[in-house]
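To start, the structure under review is shown below, and the notes come after it.
Labels for the chains are A, B, C, D and E, by order of writing; each one numbers its residues from 1.
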Amino acid sequence: MVQILHFLNNELRRLTIKELAHELQQPTGILWIDLEDPQEAEEETILVSLLDLHPLAIEDCQRGREEEGHLPKVEDFADYLFVIFNPIERVAFNGGDPGERTAAIRTSQLSGFLSRTLLVTHHYKPLAAVASALQLCGKNPKTLGRGPDFLFHLIIDQIVDGYTPILDGLDADIDRMEDQVFEQPSQHTMFGILQLKKDIMTVRRIASYQREMLNRLARGEFAPLITKDETLYYRNVYDHLVRMTDLADSYRDVVTGLLDAYLSVTSNNLNKVMKVLTIISTIFLPLSVITGFFGMNFRYLPLAEWEEGVLITSLLMLCVAVGMLWFFRQKKWM
Amino acid sequence: MVQILHFLNNELRRLTIKELAHELQQPTGILWIDLEDPQEAEEETILVSLLDLHPLAIEDCQRGREEEGHLPKVEDFADYLFVIFNPIERVAFNGGDPGERTAAIRTSQLSGFLSRTLLVTHHYKPLAAVASALQLCGKNPKTLGRGPDFLFHLIIDQIVDGYTPILDGLDADIDRMEDQVFEQPSQHTMFGILQLKKDIMTVRRIASYQREMLNRLARGEFAPLITKDETLYYRNVYDHLVRMTDLADSYRDVVTGLLDAYLSVTSNNLNKVMKVLTIISTIFLPLSVITGFFGMNFRYLPLAEWEEGVLITSLLMLCVAVGMLWFFRQKKWM
Amino acid sequence: MVQILHFLNNELRRLTIKELAHELQQPTGILWIDLEDPQEAEEETILVSLLDLHPLAIEDCQRGREEEGHLPKVEDFADYLFVIFNPIERVAFNGGDPGERTAAIRTSQLSGFLSRTLLVTHHYKPLAAVASALQLCGKNPKTLGRGPDFLFHLIIDQIVDGYTPILDGLDADIDRMEDQVFEQPSQHTMFGILQLKKDIMTVRRIASYQREMLNRLARGEFAPLITKDETLYYRNVYDHLVRMTDLADSYRDVVTGLLDAYLSVTSNNLNKVMKVLTIISTIFLPLSVITGFFGMNFRYLPLAEWEEGVLITSLLMLCVAVGMLWFFRQKKWM
Amino acid sequence: MVQILHFLNNELRRLTIKELAHELQQPTGILWIDLEDPQEAEEETILVSLLDLHPLAIEDCQRGREEEGHLPKVEDFADYLFVIFNPIERVAFNGGDPGERTAAIRTSQLSGFLSRTLLVTHHYKPLAAVASALQLCGKNPKTLGRGPDFLFHLIIDQIVDGYTPILDGLDADIDRMEDQVFEQPSQHTMFGILQLKKDIMTVRRIASYQREMLNRLARGEFAPLITKDETLYYRNVYDHLVRMTDLADSYRDVVTGLLDAYLSVTSNNLNKVMKVLTIISTIFLPLSVITGFFGMNFRYLPLAEWEEGVLITSLLMLCVAVGMLWFFRQKKWM
Amino acid sequence: MVQILHFLNNELRRLTIKELAHELQQPTGILWIDLEDPQEAEEETILVSLLDLHPLAIEDCQRGREEEGHLPKVEDFADYLFVIFNPIERVAFNGGDPGERTAAIRTSQLSGFLSRTLLVTHHYKPLAAVASALQLCGKNPKTLGRGPDFLFHLIIDQIVDGYTPILDGLDADIDRMEDQVFEQPSQHTMFGILQLKKDIMTVRRIASYQREMLNRLARGEFAPLITKDETLYYRNVYDHLVRMTDLADSYRDVVTGLLDAYLSVTSNNLNKVMKVLTIISTIFLPLSVITGFFGMNFRYLPLAEWEEGVLITSLLMLCVAVGMLWFFRQKKWM
């Protein structure tokens, strides 16, 4: 779906592709072209024929069809900037094991072309950030009037704001895993922790690539296309991303600690089992020898003819058992 | 609560917001405005209407309401500097397990605006450092006369001094954990160590972010707002923070070693239990076979008819047991 | 095998070495000389006698005979650039253990000399990327007309594209290993994971060396030899390599996690075995003592003369066994 | 104790504080003031009143009273350099466990002020390096004549030379720990290794901070105060420190390896114990069943009435035992 | 032993120390002075009296007597360069344990002074690289004529070439250790792997220090002493060292993996032993209870009077044993 917004003299119009072609012959005002899951013909017409963008940049846009999309980058083509940004989503699974996580991180791709009077946004998946910016422009046309750089900042700011619930979700997952580790650790817990670490590393990587990119956008490196006044807003997005990577870093540390804790809990459980085994063996093996002793077929067996023989033997066995238990309690094994 | 201090001709006056509005029309002397847990209306009046500070900076200030606050940063808005600093507190818990730690690290946020004649400090939690600076100005008005940069240095210097008891507390916790590991390690010990590591990493992160920031403040990057003479004082705070991160680094190493020690102690305990089990089994299983041997229902069983049969068998069993014990002592298993 | 392509006035001719010698006396148009597994005499004639290339560069070319070849590098000899690139292949093994991997990573070497009108490519193994570029030049001579820098970009772009199936193969291997770890981990699994990690590290190293090299080629450092317009294409290859190293990084993290998982699964299995042992011992040792008790040869043994003695004893043994099982189920050991 | 040396016209005089005050009114020649564990009044008089040094620097000096002192640093106060250096000592313990280490690393602080004609050294603990430099000046007054920068180099060179025996001591400790790990590892070994690692990290940290500082002193950054000719000597000290950190790095690697070795030796011992347990159980449990079999109270028990019954059964038991032993030897478990 | 080569007018002469003294009064041509294990008097005469080299550099030369020598470095003394290089040797041991490694890495020191017309090489151990360069000069005097920088490059190039067999040796050791780990791991294997890792780290460290040094030599930083044309040759040596460090890096990764593998193999072996123990216990403990049951001295014991009693009981025992084995095979424990 292609939406074309044109802002001129405080008025906002929606153009068709034909009107766009006409408008581009003598460009006036500010244009925003949003391509959401465009057909190849639409890409061909708008990006190649009408706007004459660089084939390498268009090729990079189309990498967005692939599962993970292109990594974040910014490229300066003199007349326009080409920027790739990666929104992150949390996709829920259906019907997994109860112990496993039920959501995973998926990245997609938003490509943007920024000239001084034109913004092109290109993405295959619908993005809430773009939808809300479109809505804002509808309500207040002057938003578009502040230029493509401000508009683009609005979109990526919302994308980055969208990372917060995802990080909160990861935090909640960590808490859940922590409980599992200390309450009923199983093989699934281990698997879940590794999965969680993978997701955290994905978020960390995406956020740190984008942080580096935003750093370049914010320090005025692309001065004529991103005006000095707007760099402050980009710096603001940069700050958010610094916070994100910092959080992801600390999450990673916690998850690494969780793995250690899991292994420790497991080996602790082994220890407990071994102690029980040792106690049982240590109590019943001597008793077994005692009963065996009096089960020997000797003609002259001590106590055998006495009436109190069984009683004495039973008391002996009781003493041994109680002595052993006392010994283990001394050693703090029980 | 809003406090406004005005210094002119060696005299210190406390202004109301109305007087501040009047004063700002023709600014003279030096102003310090402290907003402690301000209401939104006060923020609106002072920061927006009267001082006309940048909306992004004000938004960052208000991030201080969130649990952990904004990360430390410094931003140059030409007329003024915007600085965020993170005081750290040690918050005590009530009624935890005896083996667990009873305190945790919490960060808050102090935002500051520094122009040549004006200092605005903004924080939601009461801060000892700010209170003591206010007191100092009351006693000696000339403190304020040395300018906002000196005053702000006073505040952050006290905040950083406040890190020392926290680091000492962490050090004491490490010692306590060390004792636990080598005396009576339990699952709680492991949990406590991981918790401690998390706290150390938090302090380390906060201190190193602020170290980088102080480095920028100290090397004269913001020359007109922080005068050359004052940079020495900022360098002094920087040195403190270098020491803090260095300490936190070495604490982290120690705690990592503690985790290794915990695992080693645990596996050592397993080893001891296994040795006892082995010794018990190894002594009583052969004895059991001996008693079983003489318990067989053969008509012609050796020793069975002898009067000394039991004695000989008992001696044999004793020999086997003693021999085994001697063997284990040889092997240093006992 | 030596192939010499000469492009002049939109026409492509294949030259013999003799014709090349003639052509080089008064160079016109653009030349591409490809040496595939050349004999030493051919190397001598073309690289030394005719083109007079630097002996150190030629020596580096000939390092390609060695198993792993020279590491990627670019060297500026004023008149020409000397570039080494490392194609990667996945070589299949025959008849390994079923649990082991059946393919390994092998690197080879492509050396290139780029002047403004001449491209020399030199390699000992046949390369698909070179073959396809030769074919392209055959179909469309103007490809050669765009200059040696464009042509060389074509070749390395295809080499880098060739990394994708290799990384996909490694990804598939990781999935297979993951299944093995969680289903039937054996010593071979451990060996396979270590082997896989080695391969991932190899790809990562090669890709990151080449990334650094491409970065230098792309930022216009060798301006007259690689024209400004072409740097965009080199930047494109650079982006691919950034993606590769990033993928290899995340693969490495996953494989490291797999090693942890393997160790955890192994120790988990130990735990399960220990629990079974403990349960069996704990149930049958007491039963053994009970039977031993009534096997003692005392004249006055309780129950011994009763008709229901065996029944009562059997019920007692059943109670003990069931009680134990109930206890273990309580402890969640079963 | 305060010592003041004054060098003028090839003559060395020792001054009292009063004479110093007089001399400083019209400074001639070269002065070296050494404050060893000075009283606060002496610090006040000399550093503040007479020399008028910066209060922040004096405060840093006085941090030397604290246990670990200030971290190494160099600060340029235009007229003079302020340098902090950290001597390291090896302090012996009394009466520890035999397995534990009997020495630990302690750092102290040497502060120095260098102007073109004045050297002030300030330390709370007596330092061999300072004492020997004082002695050298006594013997050969011209040493002082070469200027404060040469003199200060002499002192820190000796301090750094003093690190060598400490590193040798750590090396010897490593060897001792290595022997313990492979001969009779105990809990104390683990504790000792962790302690050793801590000491190595301390030396490494101190050395690397000082290396960075020396690097700045050696590259002529403080040109008028440290003359070009003298930088060579500082570079020499820098080289020593590079060697120290390099050694400390390799020690750290070795100690990390020792920890792994300790854990491996421990788990190896567990393995050995388990094997003995398994062998004993595996031999005697079947024998126990055989004796039990012939202990059953059946009327018609095979062999029971035969005279050779016991012999046959004994031979059977021997066969089982020997067969088991042979099986274990096959499996290389013995 | 001191050898002095003098090259003038395409002729090579060997000078005595006396002739050298004469020659140095009016230096003509090119001189190479090689000091192999010189006596102190020779060092004094040549380095101090005749050549007047800096005392700090001479001191660094003499550090070569120490076990490991000085770390690589290059220092610019305006008139000459002072360079330290570290040849590596593989020293074989006699009569170690069969499982242990029989060789270790030893570093020595080559010091060189390069002026425009003079090369001094100084080393305490005989070096193949120096010997071969001396031989080459003997055969072809013009080698010396290309200047001290070319000559010195020849020597260090050969030293670096000498690293290759050492790295190959380490590679072979790794393979041998790998076999040991997977075939018959013992305590010696662990020790051998740690030893191997230490050697790899030594080579890595030496190579990377020298790589940094060569990088400085190669990028024309010492332009008048190392001519532009020769830097290419130094870059060539640099490339070799990059390859070395890269190899050492990957060796280190492999050895780290080997340690993991060793631990995994050890714990795997423990698992196997535990399974055997569990199987044996689980089969024979129930059998023991069965025999005990029929060994009880009750008057009315079921089956006891039957003729087929033993047969039925034996069949029952067989069923239990076979059932257990079938159960374990189901569980894949056998």
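Operating definition for what follows: a contact is a pair of C-beta atoms (placed from the backbone, for glycine too) under 8 Å apart; a residue touches a chain by one contact, two chains touch by 3 or more.
This structure is a prediction, so every number in the text was calculated from the model and none was measured.
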The chains touching both chain D and chain E are none
Upon optimal superposition of chain B on chain D over Cα atoms, what rotation angle is obtained, reported to the nearest 5 degrees?
70
How big is the gap, in whole Å, between where the Cα atoms of chain C centre and where those of chain E centre?
26
The distance between the C-alpha centres of chain A and chain E, rounded to whole Å, is 42
Residues of chain D touching 2+ other chains?
263, 267, 270, 274, 277, 281, 285, 288, 292, 295-297, 301
How would one label the connectivity among the chains shown: line, ring, star, complete, or other?
ring
Touch as defined at the top gives a ring of chains. Read it off for me starting with chain D, then chain E, then onward.
D, E, C, A, B
Tell me, which parts of chain A touch chain B in their complex?
182, 232-233, 235-236, 239, 242-243, 246, 249-250, 253-254, 257-258, 260-261, 263-265, 267-268, 270-271, 274-275, 277-278, 281-282, 285-286, 288-289, 292-293, 295-302, 332-333
Show me the residue ranges of chain B that touch chain A in the complex, using the header's touch definition.
54, 56, 59-60, 70-71, 73, 75, 184, 187, 190-191, 194, 197-198, 201-202, 205, 259, 262-263, 266-267, 269-270, 273-274, 276-277, 280-281, 284-285, 287-288, 291-292, 294-297, 301, 303-307, 309-310, 313, 317
